[in-house]
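This is the structure I have questions about; it appears just below.
Chain lettering (A, B and C) follows the sequence in which the chains are written, and residue indices restart at 1 in each chain.
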Amino acid sequence: MKKILQILNLKTYFFTADEKSNKEIVLKAVDDVSLDVYEDEILGIVGESGSGKTVTAQSIMQLIPEPSGKIVSGEIFYKGEDILKRHGEELRKIRGKEIAYIFQETYSSLNPVLTIEEQICEVITTHLDKSYEEAAEISAGLLESMGIKDAADRIKDYPHQFSGGMRQRIALAMALAAKPALLIADEPTTMLDVTIQKQILDLFLSIKKNKTLTSVIFITHNLGLVSKYCDRVAVMYAGKIQEISAVEELIKSPLHPYTKGLLYASAFVKDKDNKVYTIPGNTPSLKELPQGCKFCNRCTETTDNCFIDEPPLIEIKPNHFVRCHLYREDDIK
Amino acid sequence: MNKMFEIKDLSVKYSSKKKVFGNKGKYVNAVEGVSFDFIKGEVLGIVGESGSGKSTVSRTLLSIIKQIDKSSIVCGSVLYNGGGKSIDLLKAKGKELKQIRKKIQGVFQDPDSSMNQRLTAGKIIEEPLLNLTNLNKNEREEKIKDVLKKCGLSEDDINKYPNEFSAGQKQRICIARAIVVEPEILIADEPLSSLDISIQAQILNLFVDLKEKYNLSIIFITHDLNIVKVFCDRIIVMQNGKIVEQGITSEVLANPKDEYTKTLFTSNVTL
Amino acid sequence: MMKQQSNINSLFHKRWLKFRLHKRGYYSLYITVILYALSFFLPLLVNKDPLLVRYDGNYYFPVFKYYSATTFNVGSNGEANYRKLKQSFKVKNNDDFVLMPFYPYGPTENLLDELNIIPPTKPSAVNWFGTDDRGRDVFARVLYGFNVSVSFGLLVTFFSFLLGTIAGALSGFYGGKTDMFFQRAVEVWAALPFLYLIIILSSIITPGFSLLTFILVLLNWVGITLYVRGEVLREKSKEYVFASYVSGSSKFRIITKHILPNSISPIVTFAPFAVVGNIALLVSLDFLGFGLQPPTASWGQLIQQGMSYPTLDRWWLIIIPLVFQFATLILIVFIGEGFRDAFDSKQYSRLK
């Protein structure tokens, strides 16, 4: 299968100062992440707070706020070209036109003082060579395809006149307006009700049939959604990828202890003491990460080596990668 | 079967157009015709989406509706049967209300916004003791240390500020605050929703633990059916301010009768 | 123990640390506080009364106590001129001495008989900043004036903020009719012709320091009201307030222990600038003659004396008080900037 996006050894760090000593603290939000996105797939990136999933996505679009944050090193190849080397005008040609982004907060994509028509038309006229009138027609059509009734009339309304779910549909329409090849959706349904969530995600599945859109990166903390809507999934923890595999494989036979813990905790599975299964400890603070494997202080299956060396990401089964000392090169089947 | 709450025809209206003089404003029905019983020792789940009225119900039972919105109109009756007496919660005032507050406590969704960030954990937990009990300083401190331990925190955390804790620990402080006065009823309004998944399970175990230790009856509001399955004895499903279905959890989950309930269950993705 | 310790993580401590990083503001606060504290000791440093007199075997402390001139066998009424007394003791060359303060002139004493020319006199080795048109030493007047001006600024700011905060808190918390009442009050007060009222009041009752403070507070209290009201409105709908109700807190406790401490941001950030404004106001009023009256030491008055002369011959009466006023105001403005930085929760970032 062809790759549409290839992230190689991405490192995005944030810089802040300790309050007392005023010394600089480096927060390694994304620490050496390598990830491939193939054509015609929905890739899920799963993680909790501090995992680095959002920062990874933002790095692709170079949305990291400076000077507090910086993409320190790494390459991101899109259709063979390292897009991290693009800046200014060149970067703008990719943003929106080739790669689109939807935010968690529905108001992040939408400008409250412009009508929907103005906003979608702006995207179309910027990236595609169309006049405003042509753009307006296309916009109305897009809204219809996103399931908004009476699109021709409603297109002249303002964002606040729509509900949260509808705003997310509009954001999706705007994202697809310039016919991108890759869509990055950062927790697009977290703020929405469960019934609306289902509608929006079903919509995601349907747009994959769209000819120009090839792939979707779906960022979430909800393994349940990943199991239903994604093809492959990458699990992140403390700025590193811990496991990558096809979704069914991950649910059936998770390898990494964190993935196992996350699966059980998400399903609220009860253990022998009639308590719900938990991962002990707290979500990692990037200021105080343990030496060795970043999960070692919460892991129930540690060996001595876990506290000293960081395990590498290895392909244990075909297309199933895991970063854990429990699995060694010679175990590869 | 001891009924802790007997709620009949509860309706709560918020005014959408506020008038300073007179009452002629437009009203929005947040909750309409809600009736249910709450039995001692059970965990009752209230499930619904935004606008369902579940938060309004929890706030009514915590007697803070009037404090949130002076102009709101509350009708119906909420009979509280505790301590041998039967009181209408909606009419309780002054001393009677204070006695009730000692018995009915709450935990909210966002631990950050439900604590005053300027106070230490100790002071936050001390507040209900100061207001609702007559304990002296040392007795209060004893109780606070005790409840910190029971909630999985350490005694030394008494002097720390909320920003020194992780999200899960902050929620533990809020829970500690709720149970330090040893209430009979705990009303938890989506207490796990803002936490990471691995932490949610920990806090849920804490609820199970405390329920046993303090003999609590819990009303648990959530939108996550996985939690309901594992923790709630009975559930109530709300939509647009009304109850659309209620019953024993296993029965409702297996055979939902209402259309909305069915949609809700199918939309909910489980592993 | 259960005390609210000065934990490094308390919000107050954090803000203090952030303030300290703002070097200009921090040093300004340091300097201003020290100078202001010192200014209360001016009677020991700049005074016509000596700290200690030894006369005829006895010790006297004129700086603390009043002695009639006859005590020292000079003159028949009033106080002795201690500088002359000092000279006379020197001539006598016995054990009697006069220990004068560092600068031996007072702010309100009339030096007509010691001056060779008709006042006002230019700065000299004796009177470092010269004298004003009544023959009073300007150096002393400028320094005492510092204490008067800053005290005035602080007091007016403190009391008007106190009233304004109470009004804003009640207005924001209770809403409804209370809110309507206070908001209209603010509007009415803001529309008052401030200067005219001061002039009228001043002409009827020539105000002393306390009365002037009182009048200004009365006319000025609305400044902070709407800001506090805004903060209170925002805080009262927050979940920790609801949680406080559930914990059984009374409305009074919620306002005083929860809402107000979280609403002090506008108070702290505006206070230094209000102080600056009130000091400038005092100087202007004194200049116009509607503020503090002589012989109280006042910068505005000195400037007015300097300006009343057709040419700028009396330059020292204008420049020197202005320089002091400027320095004071700049220091306090820097403090204000520092406060603002410390309380500003927004972090600035640029997206490429």
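The definition used in the following text is that a contact is a pair of C-beta atoms (placed from the backbone, for glycine too) under 8 Å apart; a residue touches a chain by one contact, two chains touch by 3 or more.
Because the structure is a prediction, the values reported are computed rather than measured.
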Task: Of all other chains, the one whose Cα centre sits farthest from subunit C - done: A
TODO: Specify the chain with the shortest distance from its C-alpha centroid to the centroid of every protein C-alpha atom present.
DONE: B
TODO: Measure off the straight-line distance from the CA centroid of subunit A to the CA centroid of subunit B, and report it in whole Å.
DONE: 34
- [ ] Report the inter-chain centroid distance for subunit B and subunit C in whole angstrom, where each centroid is the mean of the CA atoms.
- [x] 52
- [ ] Calculate how many whole Å lie between the centre of subunit A and the centre of subunit C, each centre taken as the average of the chain's C-alpha atoms.
- [x] 58
Task: Contact footprint of subunit A on subunit B as seen in their complex - done: 49-50, 166-169, 196-202, 204-205, 208, 223, 226-227, 229-231, 263-264, 266-271
- [ ] Give every residue of subunit C touching subunit B within the complex, in rising order.
- [x] 2-5, 7, 9-12, 175-177, 180, 237-240, 242-250, 253, 258, 261-262
TODO: Can you check the complex and tell me which residues of subunit A touch subunit B?
DONE: 48-49, 193-198, 221-225, 227-228, 251, 261-268, 270, 274-280, 282-283, 285
TODO: Could you please specify the touching residues of subunit B with respect to subunit C in the complex?
DONE: 20, 59, 62-64, 67-68, 70, 98, 101-102, 105-106, 108-110, 113-120, 122-123, 126-128, 131-132, 137, 141, 144, 158-161, 163-164, 174, 177-178
